[in-house]
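Listed after this line are the structures, all set down as structure tokens.
Below are two complexes that have chain A in common, paired first with chain B and then with chain C.
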Partner chain A sequence: MLDAKHGGATVASVRDLKVHFQSKRGVVHAVDGVSFDIRDGETLGLVGETGCGKSVTGRSFLRLLPVPPGILAGGSVMFNAHAVCTSCEGTGCETCEGTGRKASQDRSVNLLGIPSEDMRRIRGDRIAMIFQDPGKALNPTLPVGAQIAEVFLQHRTDELIALAGLPADTVGAVRRFASQSPRFGDGWLLSLPGVRAQRRRVEEALATMVAGALAETQVPNPAKLMARYPHELSGGMRQRVMIAQALACNPDLLIADEPTTALDVTVEARILELIRNLQQRRKTSVLYISHDLSLVRRISDRVAVMYAGRIVEIGTTAEVFANPRHPYTRGLMAAVPGADTPRGKLAAIRGTVPELVDPAAACRFCGRCPYETGACRNNDPFLEAITPSHLVACFIDHPAPSGERPSYDRATA
Partner chain B sequence: MTVAVEPQADDLVLSVREVKKHYPIREGALQRVVGHVRAVDGVSFDIRRGETVGLVGESGCGKTTLGRVIAALADPTDGGVHYNMDGMMSRIDRLEGKAARTFRRNCQMVFQDSFASLNPRHLVIDLVGRPLKVYNEAVSADLVERVVELLEQVGLGRQHLYRYPHQFSGGQRQRISIARALALNPEIIVLDEPTSALDVSVQAQILNLLNDLQEERNLAYLFITHDLSVVRHMADRLVVMYLGKVAEAGETQAIFDSPHHPYTRELMSAKPDLEADANVEVRGLEGNVPDPARPPRGCRFHTRCELATPACGWEVDDVVRWLEDAPGMFEHLVGVERKTDFAATLAFDSEEAAGLLSMAVRSEQVPEAMRTAMRRLSLDGDKVEIEFEEVGEIESTVRGDGRVAACVLMPEEVASWKNM
Partner chain C sequence: MTDVPHSRVDAEGMTADTAFRVRMRRLFGVLQGLASNPATVIGLVIIALMLAMAIFAPWILEPNSPDPYQMPRDWGAVRKPPGTPGHLLGTTNEGGDVLYGVIWGSRTSLQLSLMVVGSTMIVGTIIGSVAGLVGGWVDEVLMRIVDVFLSIPELIFALAIAAVLGPSFGNIIFALAVVLWVKYARIMRAQVLQIKQNDYVDAARVIGDSRVNIYLRDILPNAVTPVTVQATLDMGNVVLIGATLSFIGLSEAGIAEWGVLVSEGQAGIASGRWWASTFPGLMIFLWALSFNLVGDGLRDALDPRTEGR
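Right, the complex of A and B next:
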């Protein structure tokens, strides 16, 4: 429906995703019918204000939602994991941009429907996440090296054993050590002279892999950093550790949930550059969640604007920023203080974000929109294309069922 | 408004003079003072009636501490904030009795986190009415009316009187904070990141409100923020702080047109506008803010400055900092014997490591300015003796138009860099 005809494989497609939350006052429709695709190797920016459901959308990829009180009320998140490229058999060709891998439809799974065991295998390996506050997301009681090591222990046991120069059918206890699944008595087994040496080799291999992952994020002296605890690091450094952890297994899809909001502007620019470089080199798809428009414009190929649990506008970055069609997108852009805005004349969006308890079938921007008409209050607009790649959910660009049509010339503010 | 003209005494509201705020670092069982964190280290500027002064800088540069000193929530270690009390400039930490109360009612503060600054157990009427009660401005029915009046000024109403802070959204809570600050009709309000926790659309509402109130009441604002687009929109004059010192100060427009300090320029180019060309490459700053307990000598920014010259105050700490980041070097360092901050002997556990260091500091691995500033470098077994040119503190210089900048470079040299 959305953009299949534009060629390029999709790594994930969200269809009519509905995530609701049970609250005292009723069911909150936090995400209410969201559909979009993330193409292979692209960065999709997801912008919106606090409480519009962008983080919930991002977290639903990894099923990190608290259920209950959350309710997965419907829809699907299809994920097409990468497989060896069919046209070049992994040697790297044009269709897979030299990576030897590309998203494959036949490995498609619905992330909301698969068993937890399968989800565990995907989480951190094929889909990874960078959280907003690295101070909270990192474990304060473990050195950062040990936290990155967990990713390898969970998902890269075979490589680890191979790198340690051990045979694939090595001692069970060592294998269990390298996959973080100890059994009763393993401690004793691992202390036996011969096994202890093997275990040490696995540990050395692990340290090499962790240092390699950290070096990717351009930190000075990775070997020294590994032994540090999160509280000893600055905010920018912690965020680099989290990026190293997220990209350790070379995921197909990276969910970045406001990764620079807690950082200073000077550090933010560095982190952004880092994410972009790594993304371009590895052709990872990124879902970049942020409330900062200028930042999203710099990093994304396409942008989706969310409001009150819905996507109101989606298109290429150039289209959305050069020609915003939805009144909300326009409002957001006008609210950012620019060089020439006279003081005290910022175009604020009036009113506040509506509560999403049992919303009526109407445009959710009603009440705040300067252009609304009767049609907006009685009908629910849905995303419709105005150019092949630019979709807007507003009656301004496609008339309501009644034929009535608001226009930008007729502001009723 | 021209800044070059010597301000009239009655035009001034506050005058900040060489303010320092140092926090002691205590260690050991006896809590001996082993050093000081120099949060604010000699800052001067003026605030005039009806104007907005923006205070910007990275986190940890001391801007919030300075805000607290100005609002008399913390006493300065040295220097002072002078308040214009009926034409007399008096130091606020020496005010007593009635004079102190006069200052306190004329200088109010709005904090960043409205969750933390509004007591969750109090109703709006208590929160906003408290200053009126404390200063015996109003009681009972009159009090309610005054509070309603204040709430209406900030876009709230009578229906909000008997609610608790948690029942409001972030923007509304910030409005309550502003109403409380306005209650005693102050001359100056210190706004400490009032909008950084808010969404852009709500931020726009609050900024418009602040501007309307300023025009109505001729308020002076000290606007503390890290967001340059907000400060350019709001501030008449700007003070850019770095590690407790003023890097640059002057009229906002002039600073945005041509920054005289490389740090200002870095800040500005790190966050381009929505209108700016999206394809311009944006680079942030390398490295971290140095430890304010041991700020770098000379210019404090020289450790991260791309334009640093040999005259910027290179010192032994720069070599140690470089060693920390160099793989496999810091472990071999066994001792640093300092003669001064600019001369020291570094002892290593092997002759090889010492040799490596003396090679490295002669090579491209360290900035060229640092190599030029080095007066002596001698290798003696496993010891390396290093001596740098001694450089004093880089003082702020007045650049005309009331612009002040603390940089050894000429404005043209900063301007030609990065071709902004």
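Right, the complex of A and C next:
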């Protein structure tokens, strides 16, 4: 499974992740034993239809699940934060692609098990997220600049104080101001003449950092944009603000949950290009969650296809698109209309996603699969390699413990 | 240092001055929204006149000594009609000057409404926020208590409390405060539960914000609108209920309060002495009406989504 280009380092590895939801009809196995790695600097596309568990998987990285009714039923999400590159000690070499930093096993933590205070330090700093609808993900009562500033106040207090030209051992109200942890009476303290001047310098340093973060997203006149409220901006501009906020602290991993779904196609193209550029410059790993196959094909290094709470196929983008092995992946690709698709004829996968309440020990695609056999109905396939980098969970390529193997040569339905 | 390259952009936009200007722009937007609604403007004008009357009461009419909130008694001029020299709006059966009661009664009403609305808003907001944020059994217990309070009609409940504590204006304030906080708790809880669902709260968690910060910056500012509107409406309603309680004799007799005055004058209405009840009654009506008009206007103007349209 090693890929030479990325030196094999993984920034995060999900192992047997299980997220269940308590519902009136029973326990819904929304994510049911998902395992995959995200390698250092790569974009992993996670595709699947609505309700297959891809968003829940993405949100698990940041423990953003509503508990209750969500239940973390098992598994782990190991996260290897970046550290100074061991082979060049930060000067930049081939293994770290010149950045001087790479994912480090030494700092490996299980995101699902650490205390919430540790989680809070990772959020926004080492792992960031871009949401689907930027209109809903920005606080309508605050100017966008203040919302980006929050990231710096939470994670970059020392830099802020340094940039303001204040001594590093600055304590008291000014430091509390720069870390957004005011105490009762700070408002009065900060209005004292000497302290007030220091606060002003911190504010100016903050404004410079925010303007810098916004300038990264190629917005015209970032300084002016900062004072705007979200409702005064277009969808594309809001998403740029979200991206500026997400990338402000140069995270090691970015979770992008359908970041362009709410945007029109021209804006989508520019936002994608922006994410791609920033990612390549900073070697950030991206987990790109989408239902849009053609989009994922364009931007991902590797693709994971999810179906009914499981990953059914994962491999490099070239492999998966050139040689899709799972019937579901094939169905998805056949369903994408092309220029030569006759008018009025759209291919669809028959049936609907099964209910995930107490699933039986069978292939989840049974009932929709044109190739299913008795083996599929009695055994639960798991991911197995067909090439070192291409894994499929289907008996078409792997022997079933019992029964007749399905085959692409013969449709049974 | 951060890895973010800082482009050379001037720091305008975020300094305190600009933040102030932005805030003023918003306030201006809200005021504009209020000004564009004629009913609201009428309400605001009436409130302004009432407030002026309350503030300048000592200069308009010499305060009664020793207690200015006690009606002065002119036993030489009882049951005088409006227009009598020295008693512009007439006098009551007991020689109380109706004009004095009307003007000094505005101070009493202001005191009543500010104290009741202020205390209920704070208590209700805190309890509602705790219920909405913590959830679980805490929410369950608090909301069942609120249910008990809501199941008894406001007026009857306040009347019962005030009656048990004995007739005094202070007890009316206390009784109303005990009864009315539940509305704010309900509104606040509903707001918190709804706002908690928003992506921007998740987004704030995603950037590593602390819970206190998320509450203060993301939840509370987005929740205040309905609370503010309710408070404005209550400013009027409280005086209405307070006057009702005073009318049936739950505050000290003889204080300069509109409800007491209406009660004092009601016996004379049948004999044609309409003035002693009418003028204070009109004040109660105007007070309740104006705050209701402004409350409605505020509801429309405070909605950030309609701002600037």
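Going forward, the second predicted complex is superposed on the first by the 402 of 413 C-alpha atoms of A that agree within 3 Å, B and C clash if a C-alpha of one lies under 4 Å from a C-alpha of the other, contacts with A are read in each partner's own complex, and residues count from 1 in each chain.
Going forward, contacts are C-beta pairs under 8 Å (C-beta built on N, C-alpha and C of every residue); 3 or more make two chains touch, one makes a residue touch a chain.
Values in this document were obtained by computation on a predicted structure and should not be read as measured data.
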Who does A:Ala149 touch here: chain B (first), chain C (second), both, or neither?
second
First (chain B), second (chain C), both or neither touched by A:Arg302
neither
Once the structures are superposed on A, label A:Lys54 by its partner contacts, choosing first (chain B), second (chain C), both or neither.
neither
Going by the contact rule set out at the top, does A:Arg39 touch chain B (first), chain C (second), both, or neither?
neither
Quick check for you: in the superposed arrangement, does A:Arg121 touch first (chain B), second (chain C), both or neither?
second
May I ask you to name which of chain B and chain C touches more residues of chain A?
C
Could you tell me if A:Glu268 is touching chain B, chain C, both of them or neither one (first, second, both, neither)?
first
On the A-aligned overlay, A:Lys224 touches which partner chain: chain B = first, chain C = second, or both, or neither?
both
Pick out the shared contact residues on chain A: the ones touching chain B in one complex and chain C in the other.
222-224
Listed in rising order, chain A residues that touch chain B in their complex are 49-50, 220-224, 234-237, 264-273, 291, 293-294, 297-298, 317, 321, 331-339, 341, 343-349, 352-353
Provide the residue numbers of chain A that touch chain C in the complex, in ascending order.
62, 64, 120-125, 128-129, 131-133, 136-143, 145-146, 149-152, 154-156, 159, 162-163, 180-181, 200, 203-204, 206-213, 215-216, 222-227, 229, 231-232, 242, 245-246, 248-250, 282
Show me the residue ranges of chain B that touch chain A in the complex, using the header's touch definition.
58-59, 169-172, 199-205, 207-208, 211-212, 215, 226-230, 232-234, 256, 266-267, 270-276, 278, 282-286, 288-289, 324-328, 330
Residues of chain C touching chain A in the complex
1-7, 9-16, 18-19, 22, 198-200, 202-210, 213, 217-218, 221-222, 304-305, 307-308
